[in-house]
Every structure is written in C-alpha cells, then in structure tokens.
Amino acid sequence: MVSEPETGEPGEPESAADAHELAPGLLEESRRALEAVLMVVDEPAEPGLLAQLVELPADAVEALLVDLATEYESQRRGFQLVRVAGGWRFQSHQDCAPWVERFVLSGQSARLSAAALETLAIVAYKQPISRAQVAAIRGVNVDGVMRTLQARGYIDEVGRDDGPGLAVLFGTTREFLERLGIDDLSELPSLGDFIPGAEVVEALEQGLRPTDDLVLDDEGSAGDEAPGDSGHSVDTGTDDPGDAQE
Amino acid sequence: MVSEPETGEPGEPESAADAHELAPGLLEESRRALEAVLMVVDEPAEPGLLAQLVELPADAVEALLVDLATEYESQRRGFQLVRVAGGWRFQSHQDCAPWVERFVLSGQSARLSAAALETLAIVAYKQPISRAQVAAIRGVNVDGVMRTLQARGYIDEVGRDDGPGLAVLFGTTREFLERLGIDDLSELPSLGDFIPGAEVVEALEQGLRPTDDLVLDDEGSAGDEAPGDSGHSVDTGTDDPGDAQE
Amino acid sequence: MPSVAYEVQTEVFEGPFDLLLHLIVREQVELYEISLAAIVDAYLAELARMEQLDLEIATEFLLIAATLVELKARRMLPDDDEVDLDEDLSLWEERDLLLARLLECKTFKDAAVSLARFQARAARSVARRVGPDERYVDLAPDLLAGVTGEDLLAAYRRAVTPRPQPMIDLFHVAPIRASVVDAVAELCAELPGAGRVSFRELTASLVDRLEVVVRFLALLELFKQGLVELDQPVTFGDIRVEWIGEASRAVSVLESVDAYDG
C-alpha cells in the first residue's frame, strides 16, 4: 500500500539510491526515517533491521545511507554517518575530535551514558549473567557497552555457564565497588519488592535454563524474585533479542 | 533526491549568527564543533557550557544553534535540534515518531496514571511542596504515587520545610522538563488558566447549598438558579478520572 | 422525592473529592436540577460500597460525608426562625471550605490533563543519549563519578520496566493509511448475512488503533445511512452491529463518504 506509483520524474539518476527507481516522496520519507532512528539508537544499527524498518531492499537502504553520509560530508557537518561493527551510526566527525575531547575532559560527560548505566546495573544486580541475557533484558545489542564497561574495569568475566553454549558470565569487579564507595554487593540498595516485567524474568530464565535458578540464588543480590513463580508462559511478543545482536 | 542545501558558503548575512560578525571560517568551525559535541552529550547541553567550549559568547552560540535548528528543519532532516530543559539536544523529529517507536525501545514512554498526573501537576505548580500538602489537596494519601513519580525521575526531594516537622519538600526535576518537552517551568500554562469556569463553580455552589431558599440574604444572590439558561451545554473540561490517562 | 436514576459507574474514585466532583459537576451538568439529597445519598452509597479503605482515606471520606449530611439535614429543616444563626454560619463556612477544596482539586485535575498533553507531544521525539563513543572512553577519568547505589537501583528499575515491544517483525511499518471508504466497502461485504456481530469481532484482526477508529467511523456512516443497527447494552460495553439494509445499496454509499487519511 505504500508504493507510490513511480511518477514520470526521472530526476538525476546518478545517485545510488535513485538507481533503485524509488519514487522521490517515498525516498525522502525513508531517508527521514533512517535519520530519525539512527539519531537515537545507542548501538550501530544493522542494515538488515533498517531495511525492515523502511520496507526497502537492503541494498537500497545501504545506498541511501551512503548518499546520506556523502551529503553530511559535503555539508561539512560536525557529525558523520559511518559504518562500524556491521552497523551504521552517527558519531562526531573525526575532524572535530579535539572539541569532543575537550568536552569529555571538561568532566561534563565523565559519566556513563544512561544505556551504559542500565547495563551496569543489570550486571550488578543479576550477576553472574551472560551478555545474551543482558541483551534480552535491555532489548538491544549490548556488546559495545559491555566492552566499554569491561575496558573500564567495572565488570569482568567471572565464569562460564554450564549450559550447552558455555556462555561467558559477567560480574562486577572490586574496582566497581570502590568507585561506588561500598565494601560489598550486599550494600547495594535492595531491590525490595520491586517486580520486574515478565519478559525480564523470562529472559533470565531462558538463559539459565540448563543450570536453573541456583546460579542466581547463591549470589548476594537481595530481593531476587523467585524465578519459580514466573512460570506463566508469558508471550513476550518478540523474543528475538538473540538475533538482534547477530 | 534531497534538495542540495546551501552549504556553509557565506552569503546571506540575514542569519542571526552572522550578526555577530564572526569570520565565516570561524563561524563554520564553531558550527561543526557544536554539532560534534552535541552528538555526544547525553542530556541537554547548557549554552554556557557550549560557549565555554567553543570560546564564543553565549548569545553567539545560541544564535548559531538556532540557525542550525532551522537549517535541519528546512532540509527536512529526520532529526531536530531543540532547546529543552535549559539546554540543547538532538532528538528524532516528531514527524518520524511512527518509525522510531517501532525501532527504539523507549522506556520513558510508559504513561502516567491519572492519579500520578494530578499529583505531578500539584508538585509542578506548588513546588516546593511536602507530601502532606499534596495529600491535602488531593484528599487522598499520596505516598505511593509520590514514590512512583520519584522513582521514575519526575520529582525529587529539593529541601526541607523550616517548620517543626522538617517535612521533606518535593519539586520537579530537569528530567520532568525534558519529558514534557519544555525549556523551563514558565512554559507551563499558568495555573489560573485552569481555575474552573463560572458554570462549574455554580454547579458546585448549587449542589452544596445548605438552604433551598435564601435564609441569609446577603449570601449568594437570588436568581442564580435559573436552570433553563445555563442549559446542558456546559463543558466541564474534565475528563473522567478514569480515562484521562488514555 | 423524585428518585433520580443514579448510577455511579463502577469507577474507582481516587478520593472523596474525585467522587464529589464527579457527582456534582458531571452529573449535575447533565441532570442540572439534582438535589443535594441525591448527591449526599449517592456519596454515602458509594462510601458504603468501598470495601477496603485505608484508615486515612476513610477519614477524609467520612469528614466530607459528615459535612454533606449536615448540609442535607439543614436543607430539609423547615425554614423557620428557630435556626441557630451561629450554627448556620459555621455550616456555611464548612461548606465554603469544602467548595474551595473542590475547586482547587478540580483546577489541578485540569492542569494534569494539560501536562499529559505536553507529555504526549514530547513523547513523539526521542532524545539522543548516546554519549561519547569508544574513541573517547579512555579520556574520562572516572565514569562512575557521582553515581550512587541509588542511581544504580534506579537504572536497574528503568532497565527492567516493561516497555513497548519492538515491533519490526510484526507490523507493516509504513504509516497506515486507512480510509473510511475502504472500511465501508469492507463492512458492506462482511456484514450482510453475518447476523449480529460485535464491534470487537469486527476489529479483532486489526492491529493499529487508527484502523479501529476508521472502522468505527465507517460503522457510524452506515448507521447514518440506515444500513446497520447499532446497539450498546452496557455503557462502555461492546457494541453490537446488525446489518439491516439491502446489499445492493452498498455501492451508492461508497460514493458519499469522504476519505480519511491517517
């Protein structure tokens, strides 16, 4: 129902995206959608997902993105659209690195991003936990964030899951405790009777199915909701955090 | 294809930033620096901070940002640069909401209940205010609602009452401004705008009149109960408490 | 006393003001001449129906009930000179206080609606909160500076709070353009011979709210044209739909309907 009939307008066929013979209106709508989404995602967005989003063939999306990147470059924007780690993202332009460094050094941004803090919090409260489980809870790929947290020494590998995948399990470090000014994990504020959403419980269960709930229980985190009582098979709708990170 | 915008080419001196008579090269450099830095801020960046960073007067920076925002709008970008909660930030364009909603998990879009909204309104307009004062206005215990609002970052403790009880006083947060999309509290409509109209006052007055006829002559003038003339068409302006949150 | 057919809907009233405002402002506007007695009775009835009240709320409800009952009693007294003027005055004072509180409460209710509107508008945009990328990570001295356990807890709660599902796979992502014309056509095909169906059934397969709204508009259109019978036995209940027209008239309907675009 979307497909605007191609109007006779030939335009300039030299652009890569135009080569796909998309109607100009649709093209602009798609371009805007891509810009909007890319502006707010906190991990590089895979072309496949973007293609689904705008319902265009992957190569048309790729062409649109290349066009956009060129356009920003020619407008000498302070940001650029780049392809990294298999996805696309906005970042500050390399030419402007000194400004950004200055900003970062000013201490104004010397904090974890909201996304990173959430990830860290999940690891802190649910350790030991695999990357896939964290991703399932946050609903996005967390590889980059987890790498950053590990590089900064806040989290580290603490073992492997017994399950078939032998997933690496993460936990917080001594350094983390020191930064927070506490002696051990039991000093973290208790989760109390806070009940997370069903899909979170599910995500945790999924990942730990082979080893069952023991793993969670002998860890100090207070107020864990009993994994048992969430047995109601919740339909999470999209249980594909797994392929979100692939 | 996307209309090729005018690039940094100097030429139209009508721009607000140009009015500051900055050399075109410097201007462009500053513009790029701002774009680069705004790309990495995770909360609205205060003009003062940005000004310090690019070493320009704050009003010149402000003018540059206004120009940039206009430029993105005219280029029909999928993102926009906005001033909110006392600072500047990039965000996805509101026109693109349908796409972004489907791609990005935005935790903050969970809606507030009618009770929470009313409580929030009281805090917003009467801050700093204690829990007990809010409860007195609403006529119900508000502890739970206040906790929720605090946990979700809308309100926070801002001090203590001087009175004997040293009651904790609450106010709205910067996040509240961000979520409402306003720059500061003065952008909220004045509370006076919501004072019930004459019809409502009359209905209340009428409903709670202790005497059918006028025992106390100087109280409530006669003849205000002409049922005919105020008809049914009175718009009370309220929604049902139940569906206000939809 | 005329028995006012008073049905307080099974709403949850969030407090005595909520209830009283509902009784006076909403109902009275509709029925205009409602007596104080009826309001008081409805209020008391509602109070009786509330099974569990915590003490604090109950007290507030009861205080107001007391004022109301007093007002009602005063109104029913024969209007002679025996009335103690002091008592009378204090009753007026109480009443005025109640009035003032009701007005204040109403004011904030309306302000809340306005806040919700702001919020809904702002929610159409999502902020970029990405932070410096990995190129800059090593520059910052301490990423956890100023972060407390409470911040961490808040972040955890944010992270595990249910949120809208990503719907990439389930939705056709293109903006929905539903037209009433199309919906009328569909209904004209579906309804004749279908007997009595419920609106819920008619919209069960629709995913987007706009589509449901458009279907509803289409139904109203058909109703206007006398082609369907609509019936809603319970307020806010399901609407029952029955085709009463001839199938052949459907075509002419189509031409008279405007197109709505999402």
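Note that the chains take the letters A, B and C in the order they are written out, and that residue 1 is the start of every chain.
Here is the rule we go by: contacts are C-beta pairs under 8 Å (C-beta built on N, C-alpha and C of every residue); 3 or more make two chains touch, one makes a residue touch a chain.
Please read these numbers as outputs of a predicted model, since none were measured by experiment.
Among the chains present, the centre nearest to the common Cα mean is that of B.
Distance from the centre of chain C peaks at A, each centre being the average of the chain's Cα atoms.
Our note on geometry: chain A versus chain B, Cα centroid distance of 29 Å, whole angstroms. The distance from the centre of chain A to the centre of chain C, each centre being the mean of the chain's C-alpha atoms, comes to 36 Å. Here the CA centre of chain B is 22 Å from the CA centre of chain C. Contacts with at least two other chains are made by residues 39-41, 49, 53-54, 90-92, 97, 100, 104, 109, 111, 113-114, 138-139 of chain A.
Residues of chain C found to touch two or more other chains are 126-133, 136, 157-159, 161-163, 166-168, 173. Within the complex formed with chain A, the residues of chain C that make contact are 126-153, 155-163, 165-170, 172-174, 177. Across the complex, chain C meets chain B through its residues 11-18, 21-26, 28-30, 32-34, 36, 39, 54, 56-57, 60, 64, 68, 70-71, 74-75, 79, 83, 88, 91-92, 95, 98-99, 101-116, 118-119, 121-133, 136, 154, 157-159, 161-164, 166-168, 171, 173, 175.
Against chain A, in their complex, chain B makes its touches with residues 1-2, 5, 7-8, 28, 31-42, 45, 49, 52-54, 76-79, 90-93, 95-96, 99-100, 102-105. Chain B contributes residues 39-43, 79-80, 82, 89-94, 97-110, 112, 114-115, 117-118, 120-122, 124-125, 137-141, 151, 153, 178-182, 188-189, 191, 193-196, 199-201, 203-213, 215-216, 219, 227, 230, 232, 234, 236-242, 244-245 to its touches with chain C in the complex.
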